[in-house]
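Dropping the structures in below, format is structure tokens.
Look at the two complexes coming up: chain A is in both, with chain B in one and chain C in the other.
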Partner chain A sequence: MVRPVKPVLILGMLAAVFLALAPLAADPYLLHIIILILMSAVMALSWDLLVRTGQLSLAHAGFFGLGAYASALTVNLLGAGWWVSFLSAALVGGMAALGLGIIVLRLHGMYFAIATLAFTEVLRTFILQAQFTGGAVGVTLPAIFGGSRVAAYYLVLVVFILCLLVSVFLQKSRWGLAFQAIRARQAVAEVLGVNTVKTKLAAFVVSSIFPSLMGAFYIHYVTYIIPYEAFSLNISVSALVMSVFGGIYSTAGPIIGAVVLKILEEYLKSAIVYGYTVIYGLILALVILFMPNGLLGVMRRVAGGGRVGQIFRRAYGGKRTGDQD
Partner chain B sequence: MEVFFQALVNGILRSGLYALTSVGLALSVGVLRIVNFAHGEFLMLGAYLGVFMFILFGLDPLLSLPVAAAALFALGLLIYRYSIKFVLEAPELNQMLLTFGISVFIQNLALILWTGDPRAISSFYRSLTLELGGINAGMGRFLTFVIAFLIITALYLVLTRTRAGKAMRAVSQSREGAGLVGIKVEKIYLYTFGLSAALAGMAGVMLSMVLYAQPAVGLEFTLKAFCIVVMAGLGNIGGVIWASLLLGVTESIVGTYVPQGTGWSDGVFFILILAVLIYRSRGVGQWFAQ
Partner chain C sequence: MAKSFGGLMAVKGQGIRIEKGEIVALIGPNGAGKTTTFNLISGLYYPDAGSIRFKGVDITGSAPHVRCRMGIGRTFQIIQPFENISVFQNVMVGSIFGGAGRTGKSPADVARDACEIAGLGDRIHCMPGELTAAGLKKMELARALATSPDLLLLDEMMEGLTFVESAEMIRVIKKVREAGVTIFLIEHVMRTVKDLSDRVVVMHQGETLAEGTYDEVVADPGVITAYLGENAGGDEAGHSGH
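After this line comes the complex of A and B, so read on.
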């Protein structure tokens, strides 16, 4: 753990003022980009919550799509209001995570990673095949808040702040220590009295509720979604790459990663319409090989007086740098 | 009853490709102890190789098999040498993230280079049909099954009869033990990874023969291959054949009898994975004991 330093606090306050006042200054396009960045930050940060226990989840896209469909169907079939539909998205996402987690979180990490990937693919198959979901045509909703972008902005900002608080709480409380113990060595954590299955399960449920909420927000915001988009693997890929790029096991890392990579993505999308995700694959492989602690790790070492070259040599030597905190 | 036997035959024929893909994955998981998320991408590249060889040089897919094996073997060596090698001692999370990144990279590169449109070849294997007692089998599918069977048999002989194969099995049993008796573990890792990619590449060529090449096809095969490897038990190559048959036949039967079944059959592997994982995590004995 690194002690919070003053510049961080000042930066944080500046960011808070900027985020609170952004709608006053930004034009609609810029505001749209900021909304997308906040969404990405929630996705990346919530993905990090689970990885703190050492588990790799590839189900973020699954929960995103599940949340989008749960909220859309709550509105369309039951005629509920938007906040009820958000609650239903969170509930459905949380329950699904609980069910999947109970089955696979007892096992070695790789089973969990594959099962979460398969879970996403199967959810899409199910939504495509089932009758009540609209199949391949997708679902539409009326725009939230009568299409007010500023109101939508504040809604996503609230979810972001919630996610931030949860992340900081999980870091500072006993949970943070339990997470760290589990990912360092599960057997030792058990001996120390950590209920590893329950702890991982709790992390997975919390980590899955946020993408479900983001799915609900997304469908309300853009008013239209198709299964191939809602359950696209790219959603999981971008969330995890942003997190790994910024620096996992932290609150700041995923947020930094989301800001940098989302801007890069928006720029790339205009150049390469299909397949811009190629850059995410490349970044992921390179980051794991050369700086497994992400940007944050590099920044810490530079701030700590370490030589940058040393980081690269150490990372390339395949040391267990990922375990250090 | 005829419908049932037809479904059974279709399922059995389908399992040949599954087995060939999974055997490669089982080998790399068993020996290197790393889950390779890019395994399906090797298959996808093999499928494109088959398509392009046919379009550009008029090469019969069967003749593309050795080409794909060599090309993917070389690619496997390169990927091992310049990436996998460096995470052998890293936490499992880093290993999975690395191969996942490679998978995303290759898949999207294919999407940029060759677009998302499926590409198929119109070789004469597609038009021929074998018939026996009212049950039909496409020539192409029949050939993929036979060739997959031959390749797996050859692999079995390599693993049991040659020094290199025995060394691979030794490393998969105990890395330290193998090192102590003078096996160069690093070399074995390198060649195993190449061999695993080559097997996927050959499966890919045959996929182009009976289905099509498309950038996203790899993911589906990675998942199904992993399902098979989990059913078989890690590192159990004989079990892979039975597990492949089980998956292929179940998919085929679901596709035949369930309404709109061809869509639902894509989900069969997930149910099988979950069933096996529940079985593994609790142990059947515990269920009965309670």
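After this line comes the complex of A and C, so read on.
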């Protein structure tokens, strides 16, 4: 019997080699695309971390913008180096998530989603109106690493690997079990001893630090940002869409979704200059309609290990007993 | 009182007290407030007035997970499995987060013991969706047992079970009591109540209507009226509860 782990390992090693050596082979444009893909993967995967507890957030744009501004202002106002500004972005994003989470994580479903959307709008309005942020004009930074795209690539790669490790850890550890229990039946999880408030808060903070880091990276990479771009609802929605497209509640799904959709988007952008978003939206709608478990769900079905039950049974060495009824 | 244990519970001004080692049955017509009482004890609801004490500690404001870790376990009438994980992992949630810390054993051992006591057998590696109604009841019991409770609240464990399955469940519950667990159970089947309980509390419209042994409460005229209606009691005064 083929163990399900093998192909994943081989694919992972191939991907690792590709990612490590990509700057040697890729031209600057292609490297730029790969950087955008890695950024999207971090956004999608970190968004998935929270949805594993059953909470659908639209605050990713808020944390992205917050991280961008926190890091830009740390450089411009305090004269700090890039890595201090990244730490500052992570710290500000994490603290904001803690504060926001304490207030809004009691809400569920669309109420939580709307509260997180409101958070993003409030932040954008604040940044737009405040004096020290540069208002609607935006902020400018010198390019990171003297404009070296290769160095920037390795930086975003490091954040991506960090996000990947966090995601895998959260799945394999007790946290993963707590997430799944809370997502399925919160009241039952509570009665069985799960501290649901603490668990969801931790998930929210971890899930929010990554978009904050991506915001910091983005402003350093493109050197210029305005509030409308930094806090755009598109950022939250695309993280959500990529995760759903690839397959939520998993590590591989959001990454696959980010890779496929980003490539598709870039291709359509060059192939159909005007109105490419219409085609893009159409493909999205069709895929989500006919593949409710995302690309990962289809791949699992094709590989024969489609049902989650079989994977668990194999992983725990149990016999298949479900046939008898 | 060093080792004694009691929960004092107030619902609408009425108090329920359970002593260590007892099996107390909570019965009453639909809507009497039985499950609400369970939700108050397990912490899913907070009382508007009154207090709840467990092992001599006031737990009125404690969160459900805190009460669980103190030793209050419960099952739900409508089984709510974590459908996304295996039966064994369902039980592991209880042992990892609820109980294993107090037993000194590993969570996996605690969960395995709980599954064995509940009689889940080789079905622990199934998904919850593959279990029968009786299997789900066993899983529900195993999850609660995995939290290593001192007080176990069982909400209608016999519902939907066949006669044979009920008999097995009664045996299991007796075994759990022999292990030193105090049991408070909601039950509709009077035969089960008679078989299992040391004491019966009858609730009606949120209040304790009668309390005593099985034979005492079934002979109580107020109880007969509450269950069968005022005419069956043959006495208009039985209506005075309103």
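As a working rule, the second predicted complex is superposed on the first by the 279 of 325 C-alpha atoms of A that agree within 3 Å, B and C clash if a C-alpha of one lies under 4 Å from a C-alpha of the other, contacts with A are read in each partner's own complex, and residues count from 1 in each chain.
Keep in mind that, in the parts below, a contact is a pair of C-beta atoms (placed from the backbone, for glycine too) under 8 Å apart; a residue touches a chain by one contact, two chains touch by 3 or more.
Predicted, not measured: the structure shown is a model, and the values here were computed from it.
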| query | Which holds for A:L117: it touches chain B only (first), chain C only (second), both, or neither? | reply | first
| said: Quick one: is A:R185 in contact with chain B, with chain C, with both, or with neither? Answer first, second, both or neither. | reply: second
| task | Once the structures are superposed on A, label A:L177 by its partner contacts, choosing first (chain B), second (chain C), both or neither. | result | second
| message | On the A-aligned overlay, A:K269 touches which partner chain: chain B = first, chain C = second, or both, or neither? | response | neither
| request: See if chain A has more residues touched by chain B or by chain C, and give me that chain. | output: B
| task | Please indicate which partner A:V194 is in contact with in the superposed arrangement: first for chain B, second for chain C, both, or neither. | result | second
| field | First, second, both or neither for A:L282, with chain B first and chain C second | value | first
| said: So chain A touches chain B in one structure and chain C in the other; where do those two contact lists coincide? | reply: 183, 316, 318-319, 322
| Within the complex, which stretch of chain B touches chain A? | 35, 83, 85-94, 96-98, 100-109, 111-112, 115-116, 219-220, 223, 226-227, 230, 260, 263-264, 266-267, 269-270, 273-274, 277-278, 280-281
| request: Could you pull out which chain C residues touch chain A in their complex? | output: 42-44, 63-65, 68-69, 73-74, 76, 80-86, 88-89, 92-94, 96-99, 122-127, 129-130, 132, 143-144, 146-147
| message | Give the list of chain A residues in touch with chain B in this complex. | response | 51, 54, 56, 58, 103-104, 106-111, 113-115, 117-119, 121-122, 125-126, 128-129, 183, 233, 237, 240-241, 244, 272, 274-278, 280-285, 288-289, 292, 316-320, 322-323
| query | What part of chain A is in contact with chain C in the complex they form? | reply | 174, 177-178, 180-181, 183-185, 187-197, 249, 308-309, 312-313, 316, 318-319, 321-322, 325
